[in-house]
Amino acid sequence: TKLGIVGAGAVGATLAYAALMRGVAQTVALYDVNTAKVRAEALDLSHGIQFVPMAHVEGSDDVEVLADSDVVVFTAGAKQRPGQSRLDLAESTIGIVRSILPRLVEVAPDAVHVMVTNPVDVVTYAALQISGLPPARLFGSGTVLDSSRLRFLLAEHIGVAAQSVHAYVVGEHGDSELPLWDSASVGSVPLLRWRTPDGAVALDAAARERIAADVVQSAYRVIEGKGATNYAIGLAATRIIEAVLYDEHRILPVSSLLDDYYGIGDVCLSVPAIVHAGGVGDRVEVPMTDAELGGLRASAEAVRATARRFGF
Amino acid sequence: TKLGIVGAGAVGATLAYAALMRGVAQTVALYDVNTAKVRAEALDLSHGIQFVPMAHVEGSDDVEVLADSDVVVFTAGAKQRPGQSRLDLAESTIGIVRSILPRLVEVAPDAVHVMVTNPVDVVTYAALQISGLPPARLFGSGTVLDSSRLRFLLAEHIGVAAQSVHAYVVGEHGDSELPLWDSASVGSVPLLRWRTPDGAVALDAAARERIAADVVQSAYRVIEGKGATNYAIGLAATRIIEAVLYDEHRILPVSSLLDDYYGIGDVCLSVPAIVHAGGVGDRVEVPMTDAELGGLRASAEAVRATARRFGF
Amino acid sequence: TKLGIVGAGAVGATLAYAALMRGVAQTVALYDVNTAKVRAEALDLSHGIQFVPMAHVEGSDDVEVLADSDVVVFTAGAKQRPGQSRLDLAESTIGIVRSILPRLVEVAPDAVHVMVTNPVDVVTYAALQISGLPPARLFGSGTVLDSSRLRFLLAEHIGVAAQSVHAYVVGEHGDSELPLWDSASVGSVPLLRWRTPDGAVALDAAARERIAADVVQSAYRVIEGKGATNYAIGLAATRIIEAVLYDEHRILPVSSLLDDYYGIGDVCLSVPAIVHAGGVGDRVEVPMTDAELGGLRASAEAVRATARRFGF
Amino acid sequence: TKLGIVGAGAVGATLAYAALMRGVAQTVALYDVNTAKVRAEALDLSHGIQFVPMAHVEGSDDVEVLADSDVVVFTAGAKQRPGQSRLDLAESTIGIVRSILPRLVEVAPDAVHVMVTNPVDVVTYAALQISGLPPARLFGSGTVLDSSRLRFLLAEHIGVAAQSVHAYVVGEHGDSELPLWDSASVGSVPLLRWRTPDGAVALDAAARERIAADVVQSAYRVIEGKGATNYAIGLAATRIIEAVLYDEHRILPVSSLLDDYYGIGDVCLSVPAIVHAGGVGDRVEVPMTDAELGGLRASAEAVRATARRFGF
């Protein structure tokens, strides 16, 4: 199996590292316009090969390096700068997609494509139109990362392992996203009914608001502090890649083209979906309160508005 | 860190293997009355040491080999033979516990103890009384295994990854156990509302009954076919060990001494509980239907009745 | 990728377990004539699926279950009983090979085959003749296990990690096998020149003899104590499988058809060889003393003699 | 167990990531003077916690965060800029060591310290003097990274897995370092006697020279291309940490205070040494040619000269 990565920046290279450490593919190929950088990243990754499951690492400024990839993760783009919103990045990113994707589809005709570049929902929508690929075969990493941030915060707040918290952030990977509180659970207890040892409701409205805001702010705070976010997204993307390469049928909140999901359609947005070898499968209709559904609709509208601004 | 295992039979040795492969402890020590067998198991395990994270394996017929263990897993006992119920095994097993546990507590005074030997709920209750250990520090592997069987069956039935299915089997690790259907979920969708792609309810009453029966029958079927069950329990026990050694605060359906859990007390029974470095922490009050609660009460009664038969 | 296993006995099932835990293949299929057993093993393995990388486990008494395997490991055969030599097993095993292999090659035409059943060298030779497969595509697990036993013993003796000891056992997987002392090294120091902290030679002739004997006796001692050897061989076989599936080009002492290896040919015997996706590649001509070469020749003769007894 | 990291730059944060992914410690604590950065790195790492073995991540600008660490890896310092040699960094780095180490030893009195900051040999020597720690408990990552680069290059050149190549780079982690060709081996064949399939010597003098130069140039090339080296060093350091935390007694070319190693003493330099829970143990006297020994002596002299320039 072969993992192809477009863009050897903070996200692309870290993702290659995580994928190598977990041994998900026998070949990991990186493509980037920055020749010196992509070669240096491939070299640095190769130097550690003795310590990880066997794999070959390649880096090149020629898309051909991604030939016959089984999965391609798209991370090329401008880094989000402090203060900059994800939508500001859209225009230039779409240009990059337009310049690379057609050739990419040619050299890796059977690949499943995972878009990571921001604004990921708009980029995914544009990429579908540009490539004409079937919607199952191209989707965005969406709110898999945001959901893992939510779980981390909830786990800390409640005092259980993140693996025992089941909760999704849905909608735009961005400011209009929202946690699905109503359906969230902790070890089969509805999250909203979880109680502290002294009997109080663990997650009152104030706590929910604070945590929801924290999730949205997380990326900004990390970027402000270190200039990029790369470690968690590297693992989140690796999880998605594994779901595809191992045909896991795992439910992950990826950004896919919706078609009458609670009436929402013609937009790429994150909702829980079954991810398998063919890409993204059935979307999962998680029960939502009216407020949550309203939030999701608003998020869809926000993403659609941006897309329209760029002619999609 | 040191993992101690009492009993180097099918379960004990396989558990040692899984623990070594996952690198959970630097020392894995096996104790068994069968001198030749325990040495042979330790030797076989040692021969593979080159292929796993570094560890030392020891095997002895002297309990002293378990000195200073951080976690001790108790698997000594008679194997369940085809046709034999888990309760039939109780008497002899309790004798074994009585003969080993006091000395074990002496040599490994700070260990957390995980009982696996069947009938695990009764054995756990007896072991608490025999040892006088605080209930947090001694509990049974309970229905962690049964729950993983349930998840496997549900995952197959529904067509998603087992990791996306959240459901517990509670009660006795045995014939009176029951799945908690009402609180079970698949990717944040209540299991009972999950629909097949064509819109039908995925898990009607008949399917539920069949799957619940399958879970209970699983152990019997495996034992009939191969004379023991060892692989899944080896992984389930390793998961519990990791929760303790890594202080995970993971919610697992282990068998612990209940004290007013929905009014149920003075019995060891599996309900979801938070497992951490100190052993078993808060029990999690999963919402149940009246029927489920009734089933749990009946299961408690069944376990209590057996315990009483053996003077506990 | 798909791993096929012929024989769901102690070795076959344990190997499946190790392979599942290490996530080497998406499908692990077991074939055995014992219908009840193979189904039970597959069921037990499946029950643990939640705790390992995603995979599907299948068990059947129909060879068809192995269709399209990438690697097939052959473990069917009679277990070595206490006192019984590996050669005693030959006749019945060859019969099994004859009955299964042709059909197996039909359903999995592109597989690399790894023979484990004893006497592995004779069985491998016979299997090549029976199947007509190119010698690169069918070889035996050989002395990979014995070498890991040697490394474990040397590591204990010298006081370093097994991973820092580089030494091979070559020849027959059996009584005539021999360690290659002269070329063995510990952290780039020739093993024979390694000194204890107080300056003495660490491995004098007596120690070498004792350790060489220990390696040969290991299997017997384990079998005497527990009735089978399964854990270390499960890991050793998994290492070989990884070398093939990941195209590692790793040097492993597998049993392959020799053709003028130091003049030795027309026999299957273990010498270090490069294992990759195509199976076994170039044999590695390790420098040997005259005594070592003599030992290898004698071992070849022993294996050939047995083969001849069975008409090969 | 607790892993402490001083410096949350490219190396420190990547090392934390690798250590988290491999599950080596339950707590990973980062300390850095750059408050915003260290918090951001800890946050980013925390967000991925759901995807790795359970651990707690902490980041702070107060050394206290490293309290009671079992291992501390020191990566604080200025990044090597394109064109800058490792020795140029010495002065400022030693200042950093002087300001942090005494307090660090106070809060983590039992830790084993692994220095990574460059020029690592001089920094290690200075740190031993500044701290007064026993030489076993403080050493540098040395040429573990360089050796893995050498193995990668040799593996590529020869066509075998890096894991089958056994070779060390010794001396300064820097321009005067040298590969030990004479004792290097590939699958028990002396490297210098390895032949290509067509019978030619695989590694003639020209190839050796090129590869040796490549190893030295590697860091420069990576830094030129991407501004830092972090991935391979993250894995190399994790390997060292595992050797300590798992008491592996693994032979690794770390930089330790030599005392009559082939007559060389009073300098920190990399030679193969046994690494275990107590830190660095016996140095391994690998046989060397006169030229190699001369090279090592010259390297010692180079390191000593730099140390002297900084008053050590």
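Every chain is named by a letter (A, B, C and D) in the order it is written, and numbering of its residues begins at 1.
Definition applied: contacts are C-beta pairs under 8 Å (C-beta built on N, C-alpha and C of every residue); 3 or more make two chains touch, one makes a residue touch a chain.
In this text the structure is predicted, and so the values were computed from the model without any measurement.
A count of contacting C-beta pairs for B-C and for A-B identifies B-C as the more extensively joined pair.
Of all residue numbers seen at the chain A-chain D contact, over half occur in both copies; the interface is built from largely matching residues. Centroids built from CA atoms put chain B at 36 Å from chain A. Averaged Cα coordinates give chain B a centre that lies 34 Å from the centre of chain C. Across the assembly, chain C contributes residues 54, 155, 161, 163, 248, 250 that each touch 2 or more other chains. Interface residues of chain B, counted against chain D in their complex, comprise 1, 23, 26, 53-55, 242, 246-248, 250. Interface of chain B with chain A (complex): residues 155, 159-161, 163-164, 166-168, 180, 183-190, 193, 195, 197, 243, 248-251, 272, 274, 282, 284-287. Within the complex, the chain B residues that touch chain C are 13-14, 17-18, 21-22, 36-37, 39-41, 43-52, 54, 145, 148-149, 151-152, 155, 161-163, 218, 221-226, 229-232, 234-236, 238-239.
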